[in-house]
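Note sheet for the following structure.
Just so it is clear, A, B, C, D, E and F label the chains in written order, and each chain counts residues from 1 on its own.
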Amino acid sequence: MSDTPPSDLVTVGIANRVATLTLNNAAKRNALSAALLDALVAGLKSLDTQEVRVVILRAAAGLPVWSAGHDIKELPRGHEDPLGYSDPLEKALRAIRELPVPVIAMVHGTVWGGAFDLVLSCDMIVADETASFAITPVNLGLPYNTTGLMHFIGRLPMNLIKEMFFTAAPLKAADAEHWHIVNHLVPSAELEGFTRTLAEGMTAKAPLAVAVIKEQLRVLSDYQPIAAQVFERIQDMRRQVYESADFQEGIAAFLEKRKAVFRGT
Amino acid sequence: MSDTPPSDLVTVGIANRVATLTLNNAAKRNALSAALLDALVAGLKSLDTQEVRVVILRAAAGLPVWSAGHDIKELPRGHEDPLGYSDPLEKALRAIRELPVPVIAMVHGTVWGGAFDLVLSCDMIVADETASFAITPVNLGLPYNTTGLMHFIGRLPMNLIKEMFFTAAPLKAADAEHWHIVNHLVPSAELEGFTRTLAEGMTAKAPLAVAVIKEQLRVLSDYQPIAAQVFERIQDMRRQVYESADFQEGIAAFLEKRKAVFRGT
Amino acid sequence: MSDTPPSDLVTVGIANRVATLTLNNAAKRNALSAALLDALVAGLKSLDTQEVRVVILRAAAGLPVWSAGHDIKELPRGHEDPLGYSDPLEKALRAIRELPVPVIAMVHGTVWGGAFDLVLSCDMIVADETASFAITPVNLGLPYNTTGLMHFIGRLPMNLIKEMFFTAAPLKAADAEHWHIVNHLVPSAELEGFTRTLAEGMTAKAPLAVAVIKEQLRVLSDYQPIAAQVFERIQDMRRQVYESADFQEGIAAFLEKRKAVFRGT
Amino acid sequence: MSDTPPSDLVTVGIANRVATLTLNNAAKRNALSAALLDALVAGLKSLDTQEVRVVILRAAAGLPVWSAGHDIKELPRGHEDPLGYSDPLEKALRAIRELPVPVIAMVHGTVWGGAFDLVLSCDMIVADETASFAITPVNLGLPYNTTGLMHFIGRLPMNLIKEMFFTAAPLKAADAEHWHIVNHLVPSAELEGFTRTLAEGMTAKAPLAVAVIKEQLRVLSDYQPIAAQVFERIQDMRRQVYESADFQEGIAAFLEKRKAVFRGT
Amino acid sequence: MSDTPPSDLVTVGIANRVATLTLNNAAKRNALSAALLDALVAGLKSLDTQEVRVVILRAAAGLPVWSAGHDIKELPRGHEDPLGYSDPLEKALRAIRELPVPVIAMVHGTVWGGAFDLVLSCDMIVADETASFAITPVNLGLPYNTTGLMHFIGRLPMNLIKEMFFTAAPLKAADAEHWHIVNHLVPSAELEGFTRTLAEGMTAKAPLAVAVIKEQLRVLSDYQPIAAQVFERIQDMRRQVYESADFQEGIAAFLEKRKAVFRGT
Amino acid sequence: MSDTPPSDLVTVGIANRVATLTLNNAAKRNALSAALLDALVAGLKSLDTQEVRVVILRAAAGLPVWSAGHDIKELPRGHEDPLGYSDPLEKALRAIRELPVPVIAMVHGTVWGGAFDLVLSCDMIVADETASFAITPVNLGLPYNTTGLMHFIGRLPMNLIKEMFFTAAPLKAADAEHWHIVNHLVPSAELEGFTRTLAEGMTAKAPLAVAVIKEQLRVLSDYQPIAAQVFERIQDMRRQVYESADFQEGIAAFLEKRKAVFRGT
């Protein structure tokens, strides 16, 4: 398995004012390594948002896995918050959420863990019948971060959020449509065409109005206040989790490709 | 095209403790002019909410357009917030949201722009198969107001809100049912009967309990706090939009019935 | 009709790290009396959450009513808030919401009033085709409490919340699926098997991560701030409702099994 | 002791755009009875705030007591919140806080209990050396309301607030100056002249700017949000206090002019 | 009166890790023109905060006016918010508040209007006996902005804030000490020496800890949330003020050096 | 230097319904070690708050240091938040803040670092002329926690908070009186008598009212909400500080009794 050169991890193509960013690390199933996420952020920042009016985020054609999620090998193990504000995934999520143009996630194949957070942070999702979605921190013993959970709240019904987080089971395409995860479920053969048409339709709209509406919705979603006291208590609970033996076990089991045995300590 | 006399723009009928308010300006496709909105507010304020227990808001029978939305000719052009707190539409939305009895929007035909905000501000929506819904500020380059966006949040999933705002495309009746915009989708022939039955069922319920529950839900939705700092930044972004050349172009194109060409400035 | 002994009102069984709590007062249709709710809280507190990893909350097999809701005879009548912070139902809702393991409501039969708040406070709901759900304070003239309403917001779309609260009409199983009240709708014959499989799947997951994620979601839902000024105004409105003649009438009518006549005073 | 006629309880005089409202019930030491407070609100509402630019609130000349505070005989005793949102004092405090012109409390003599909340709700306080201030709910066993406490926070340092509330001891004029309760401490002989000069100086200022600044400061002080969950818990604690035996004892002792004996139940 | 060249409006000197920024436009009494404020921001941004550990902000030696406040000639007159988020003064206030090192305002002479907001936005104030402070929007009919008012709240007692805003009268040095506006009041002859010693003492402290503490205090002060609904209402009131005839009169009178006559319209 | 036995670190005496807790570890200058803080919490929890109505917190008689603050040797060095929610000092601060009776800090001698947070968390402070107060995290390079900073906000003016935090210099007794840190400054010889009299005066007040008022003030101070997004950013900044070389240097220098040299990295 040879490494993809950094410059090829995320490719950028532009046509008709629509930029397409393609996750392109088949060898690692598009795992969200620091290298790939930095490339994604660089790709987003390279766009001239006066010219580009819409972004499509996709995986390279033909991959059965859209993205495998966090690159587990890179997670800090104990003592340090594994989902810190400055970590590469968090930066990438903010880059998408703060981009002043709409971002459509075009999903063919399976979406795992942090990659689900990534597609939910896009403004819309178009998927085909091969798509599935899972959020897997309880497979690792990983305490999810509060702003990460806020990306799900208001976007999905609370009982679905809980089922997905507590079971870590993948949700199939049809169910993802029922639960409104996807804006549109279309046949595989039509996925690219449908997504392009949707995107190009938006390029004719007033870009300043689009940008300020997107920013207002972001602020209203992301800046819901909670008491500092409550936050520090939660942070303390999270620290106990990422310093637990179970978290070590979860990562070890993942890397050894065996089932983790959790003891609650 | 003759003008409808002010007193006829919104008619009020009461039967079995249900008041029906009818938007009645076919010539202007029920555009939300100051005159029509003032008549609507006057109609709502004329109700004796001890006697009237439910309100139905509808368009006059037979119209293919439920309402065309903002009366674009009346929008301020530049320098002034086009969606100010004291503007007629904002007053009408508050009048509905603060009315101490339930309001059902009965929708036959197409609902555009500010009229979508109006029906979403009703407590329930019953629609037939001719109904469609669109929210169109990006066709004009109009920066939507923050409380306006809050009417959508918590009521619709965030990815639908974004698709509707960023595409300005109408959502058809069946999709409106899938996305929970409408409480009930019923055949055209049954629309009035179904809506009346739903309304009359509520007239027997304890009105004080209904009123306080509606008010609590309003407060919990409308009074979500954000930092003043964030708000002033947003307000500044919005000002740049309504003072932009694009906003002038959007309104001009609309009035000249041509496609706007936006430059992002 | 003989009384169920306190110790039998809620039974607890544990197998494969899944605890099943069964509401077991057929004679009173599992009305949420102080005795039953105290037994429920005692049952929850008796669990060793190191050993038990998931809880199923169900009614005794064979009952057509999952729970009839508040025990109306026990409600304070006037002068006192009927839904106070320390009342038995509120304590039970908090016990479920604060339990550090997932709770699945398994629903066969009809769910009324406060019992709907109870199942919505569980993390997931699995139901069969006999299930229905109603929230009935407007039948009594009862002002619902603000935190109670917050249990619905974010969990269900606002227009459904309003229709259910303002009509007090039961929502059938298929509609409950459409509106995402239930996570899964399964045939009666498969209800227990399906629910057990779902529960047992979660027992293998990292319990500390599950616990902190559940707690974060609770905090983000339950601790949304509103201004004290607004709250005191609401509290005052609620007091006027529970001190109204209509509330007396609502309770009297219920106990006399007749239709209430509300006057709005 | 003869009763002051309602129309004379609060007198209103206007000169040079300054209105002077005088509490004028010497017989009852200006106790804040419903009658006096209603007269105060009526006096405030009678002002034409286009003409009147400043208000002075004072006690009738020569009284050693500025106001004795709540009229204890009128307080509800048990079962009902003694400081409800619609109670006369709360209405009067809001009338002052919401008045679009500055209100100066001119204080000669002692200020007790709710009257301290009243003068703190004025925009400025000018006092002479006879002035003193006390806040006395712990003498009665009265649970103060949350918005009432918010009137003190941000206005006085927290440690002074606590000492005053927990000791119920009067603070003398010089100490009131040290702790910034009063804007100006002036000799008795100069009190009226000084206050008039201060007031008249403000009448030349831009009244719309004054009004919106006062309203913004009110909103920033009064609308600080707290979680509904926290509020309901506090409300429940307060209910236990106003339903306690100690509250009965506190009121009884006051009326019998003896020292209360509190048991903490 | 000759214009100061832009490069000389604000001078920067650095010694012993303390940067001194000097407002240097004697001809215009250091009025806060866009040019001077841009120079101030540029000066702040030019600092290497690894090397510089403290900033002193002062007026050029010998001036009797520290700063005359807003350059009234530059204020927008009507239709536009005169205190917008992107206006030069707002940018300068944020530059000071967000600078990761302490800023001491060293005040000799009179401080007017927006310049008072500027010195309050510094972390500390050291002044001599010639210092005085006034906040003057009601002399102009100018509606102050909400974040501007928040700079005063928590920093000064509310009754002083109101007296200063409603009278626009200067507060003398000794009173400024009594009300805690200044950290230290020192004789003129010692002002520079005292301030330098205070500043140099801070250069030995841990700079990362200083920076994060300053940032936390800023966030806790500046990000207090209020409801969007409340904010939009306030913004609307403010618009009515800056579009009023009185605001035109206020500015005209100022420029004509006569007393304004306000009509409340 | 022999160790004080744990049971003697904090002694408890009760007389006339006033409990006196005495910090009693002269050998270590009452440093806030885990052992001493646990003893303090144990002492507070041992009180029967039905019987005890007021608490006095003091240092053993005759000590020149009231408390030296954090026991630096016990601080985690890097990788772990040195001021976590569950750390002994945080638990002690909450124990005092949540105690349902007033706590008076009686201060003779110098108060350092975390001990200043401790006395500010008491409801009142009475001090004599030997008292001084300093807050010293910038001597160590320690990032203070957000709830800790909130204990200062609302209690002290912001410019004093900044001067104390950024200089780490002790504030003398007379200045502490000027800035309202102390409720009363009394001569050494009268300190005990004055404090006892103040305390005993409160024992006659209605304890339930005292308790709920204290709790409301705590909630209004401690539960001010900020956005989770802002909090996570702050937490990330703080992590960078406690993982910095400067923090290692700060602690090392303290233990080696030499002056730290900070490099800002």
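As a convention for this text, a residue touches a chain if its C-beta (ideal position, glycine included) is under 8 Å from a C-beta of that chain, and two chains touch if they have at least 3 such contacts.
On a predicted model such as this, the values are computed, not experimentally measured, just so you know.
Undergrad: Need the most distant chain from subunit B, centre defined as the mean of C-alpha atoms.
TA: So the chain farthest away from subunit B turns out to be F.
Undergrad: If you average the CA coordinates per chain, which chain's centre is most distant from that of subunit C?
TA: E
Undergrad: Pick the pair with more C-beta contacts: B-C or B-E?
TA: By the number of C-beta pairs in contact, the winner is B-C.
Undergrad: Indicate the whole-number Å distance between the mean C-alpha point of subunit B and the mean C-alpha point of subunit E.
TA: Using C-alpha averages as centres, the distance is 44 Å.
Undergrad: Where the centres are mean C-alpha positions, what is the separation of subunit A from subunit C, in Å?
TA: The answer is 34 Å.
Undergrad: Where the centres are mean C-alpha positions, what is the separation of subunit B from subunit F, in Å?
TA: The separation of the two C-alpha centroids amounts to 55 Å.
Undergrad: Give the residues of subunit B that touch two or more other chains, as numbers and ranges in rising order.
TA: As it turns out, subunit B has residues touching two or more other chains at 146, 150, 154, 220, 223-228, 230.
Undergrad: Would you pull the subunit E residues touching subunit F in the complex into a rising list?
TA: 50, 102, 123-125, 154-156, 180-183, 198, 201-202, 204-217, 219-221, 223-225
Undergrad: Spell out the residues on subunit E that touch subunit B in their complex, using ranges where they run on.
TA: It comes out as residues 79-81, 84-86, 145-147, 150, 222-233, 235-236, 239.
Undergrad: Touching subunit F in the complex: which residues of subunit D?
TA: Residue positions touching the partner: 137-144, 146, 149-150, 153-154, 157-163, 165-169, 179, 224-227, 230, 234, 237-238, 240-241, 244, 246-247, 250, 259-260, 262, 264-265.
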